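Shared chain: subunit A. Partners: subunit B in the first complex, subunit C in the second.
Here is the complex of A and B:
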């Protein structure tokens, strides 16, 4: 008999397969429609967190301001249709391009900083964006937020004869986009650029002596992760049909980073796990919701102290020790 | 034909002169050893030549071009490659990935193509993997290819750094104590490896405390003491130079002095 797999599947294929199966099979266990909504939020957060895997996990750079890019993406979807007459989907793309450009501009000076200084500078950037969104009420509606146009996909499908509930549609759409995002990040990991990013993470001086233009690669990781955050923010605005400056809030940045390091910053599957746990918990345990930020802070501290590599790598090591 | 020429190189750290007025040349296919007691300034000299430190005085030329103060990655583009005395391995990457990362200049391309996993990207990765596996075989680490670098022994990491440096196909290779911490058998192997690298036409600059190794494979020896060049010449001549003997005996009445003499 021929073996099932001619050669063992790669980590990339395994990750994509697991994600695909989880996304496809989970709805069979949903007790109510509400869980489609929870799933959607998990995927949308998972997308931003996948971007942070590139920045934090591959390149080893920190950002406490990525909610700023999510805010940009969200408001692009809110403002694009109103002010520019753009369809929401095109506004999402415009937001992603603008976020990438802004990340490129901001990242050049900021990424020269290291450690705490980089953390504080990115934090400052995020605070700036959320303040602009809250204060420029003439454009953004201020702290009250503004309505967001319908993506229009459901109508499109309906005219094609396909009827699907709104919550379900968003579940599948967000799941698909997360898969695409995971695929890109996994491609990057074992590519020449991915090796350059991971090498500068471990030793900048050695990376430079093998020819890596450290500033350029840090910047590209920053831009890539900003685009992920922007698309994630756009999707959140589009699925909620509403947006407030809270999306760019410092606490949202912290949530994203917590999700990234909880699962294990180095891997896409770890990112998905972090997003799953920290998005689902407050939704399911509604009693927790009030203390959400306290719980996040606590989890972040505990992970840093006890599982510095993140949940999955630590579990993996534990299991391996048990087996051998 | 001169590949590297160093002229009057010097640097101070907080008013203390670490290296001053050092000059010498290196040619393709030849091994130049830089020796001297601990703290003589050998590593600092390497750091200035490879762009890690910005020299305060003097010039570094490659092929006659003034490359003083160029960034390490720019020097790498011009064919300079190095290893580190205090190990700068990519510890979270696999052994194979470490060597593959060394081929960055040959395999780099557009990051967008890498994100999309285009065929050109995958072809470049395959070529890099083939080259990296051949190099791992050359340094005797082929069976450790898939292991995480942090799991290797000190001596193995030293060889891994040599393989990574070779992956860039350098014209000038700087090796900072490649045999430190290696047992006599490993030292013997590294000795043969360095000679073979030079025989292929690479200009090798070697810092090494193992005098037997230095005397055996060097074509030319430069001696530093307190940051200054105190002697230079053929290995046998340098070993007999009274100034050299005194520097070693003065610094360490024991081990290294007798090596230099013997």
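Here is the complex of A and C:
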């Protein structure tokens, strides 16, 4: 019989195991229902951030407009049940398909741009989406937002004889979806396509020289990350049962990118750490009241100045240096 | 016709502010390769410090001068404490550092000042001047005049003075500039101070018309960034044209189409321009080195 742990587990298995353990064990320490809610938000942000790992971490492209896709996903869940009679879960899928399609259409011209030009183009795209959501009040309810139908999962479970609190249910659901999203992104990383993507990160010219279809791979990374953002937006709308155009605005885009980079954009676990910190931190900082923004800005600056590769990669390197 | 003239006036007025913000972006970008998202906060600080110094009893010109100098000092500190220490970091990392700085400055302004909207009196009264059926505020003329002076002075600085040429040399090739004995650290500090001062001046000129508050910076940074990219990042002339264009597009959209979408129009135009000219209107094309 082969002994357990004879060979070290792969980074992919380790990441999934750590995520699974964290999700499963954390509730044992929750003093109140409120913590389930924070956990849910962390997982939902973590999902969008996992998509950005594919775009920023693997392919080395930047987007300051991904909240636009989150907005599309959110409003698909708000409008689908009302106007098309679709159940919320199908609306989520519809939103993801639409986001992917839009990303494919917009991505072709946008992704020819580089660096700061790409940043401003994606930023402009996000601003346009949030403006349409805020201004077309006849459809979206305008800046006041609109109510979102119930997912209906709790009722379904109840009829099957399983009783579970709303906050808890969302915690487990969002956790599962994050795990699935992380699993997909990790599988991509070590596939031939993932290697081609990561070759873009280092040098586009070199990638092209060895026969990588640069435009196609960039576009697919953009579409994948848009779908992740869209699903994350849908989940946020469904768990809040309410949505406003704020979900698509510039600051939300920035928040997502910051989470990705702060934790470490190169790995799923690093970016998930970023989501954990930046989602939990404001909840803690509200205790500081008017000092909240100062402390938040200061933490952002300090982490990026002293750990420019992100929290986890830098800590990892530090630890390794200690050991050897 | 007088309608179009009216929209042109208001477009040029806001355009002048955008051009100054874009110029601030350009100067820092040239010296350090950093896009400074805290640029809008410099404008806010210029307005807010003037407001509070004036309220505390300082005459308006003294309050304005204090605001410009104090903001320039904050810009230099930002460079010393944050940007200089993160040298060699990636574009995204640097963007996040400056976004962190902008959140920090916003929080500091909210704490040090307050959350109200503020203004101080216009420099030459509020009686509109009639020109060919349209009207323009004296303060708008001050804004256009101020922007013109800043651009002219900078042009002279960059082309005629040795220090200005040192800045250009650093922008062109930092290592080569160091080799010929240029103190590039000083150039960096100078660029941050200069661009903070320009931002503060824009705030001083605009506040009597646009009003200011602790969170006024974000929108300005977005528009200024857009204007700089429209003109072509790194080109001061592009910043001027980009800023005025964004202002004009906004004003005509608000006037003829819909004021709800005035912010959208500028971005639609920018996307269209970037699709056709990926380096902006006046930007140089760059090749990736392997």
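Keep in mind that, in the parts below, the second predicted complex is superposed on the first by the 304 of 324 C-alpha atoms of A that agree within 3 Å, B and C clash if a C-alpha of one lies under 4 Å from a C-alpha of the other, contacts with A are read in each partner's own complex, and residues count from 1 in each chain.
Basically, a residue touches a chain if its C-beta (ideal position, glycine included) is under 8 Å from a C-beta of that chain, and two chains touch if they have at least 3 such contacts.
Note that this is a predicted model, so its numbers are computed, not measured.
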| item | value |
| --- | --- |
| Which of subunit B and subunit C A:203 touches, first, second, both or neither | both |
| Which superposed partner A:220 touches (first subunit B, second subunit C, both, neither) | first |
| Touching partner for A:212 - first (subunit B), second (subunit C), both, neither | first |
| Subunit B versus subunit C as contact partner of A:187, first or second or both or neither | first |
| Which superposed partner A:266 touches (first subunit B, second subunit C, both, neither) | first |
| Subunit B versus subunit C as contact partner of A:195, first or second or both or neither | first |
| Of subunit C and subunit B, partner touching more subunit A residues | C |
| Subunit B versus subunit C as contact partner of A:316, first or second or both or neither | neither |
| Footprint overlap on subunit A, where subunit B in one structure and subunit C in the other make contact | 203, 205-206 |
| Of subunit A, residues touching subunit B in the complex | 183-185, 187-188, 190-196, 198-199, 201-203, 205-214, 217, 220, 224, 266 |
| Residue ranges of subunit C in contact with subunit A within the complex | 29, 35, 82, 85-86, 88-93, 95-97, 99-108, 110-111, 218, 222, 225-226, 229, 233, 258, 260-261, 263-264, 267-268, 270-271, 274-275, 278-280, 288, 290 |
| Subunit A-touching residues of subunit B, taken from the complex the two chains share | 50-52, 71-73, 75-77, 81-82, 84, 88-93, 97, 100-105, 107-109, 111, 114-117, 121, 124-125, 128, 164-165, 167-168 |
| Touching residues (chain side subunit A, partner subunit C) in the complex | 56, 62, 109-110, 112-117, 119-121, 123-125, 127-128, 131-132, 135, 203-206, 250-251, 254, 257-258, 261-262, 265, 290-301, 304-306, 308 |
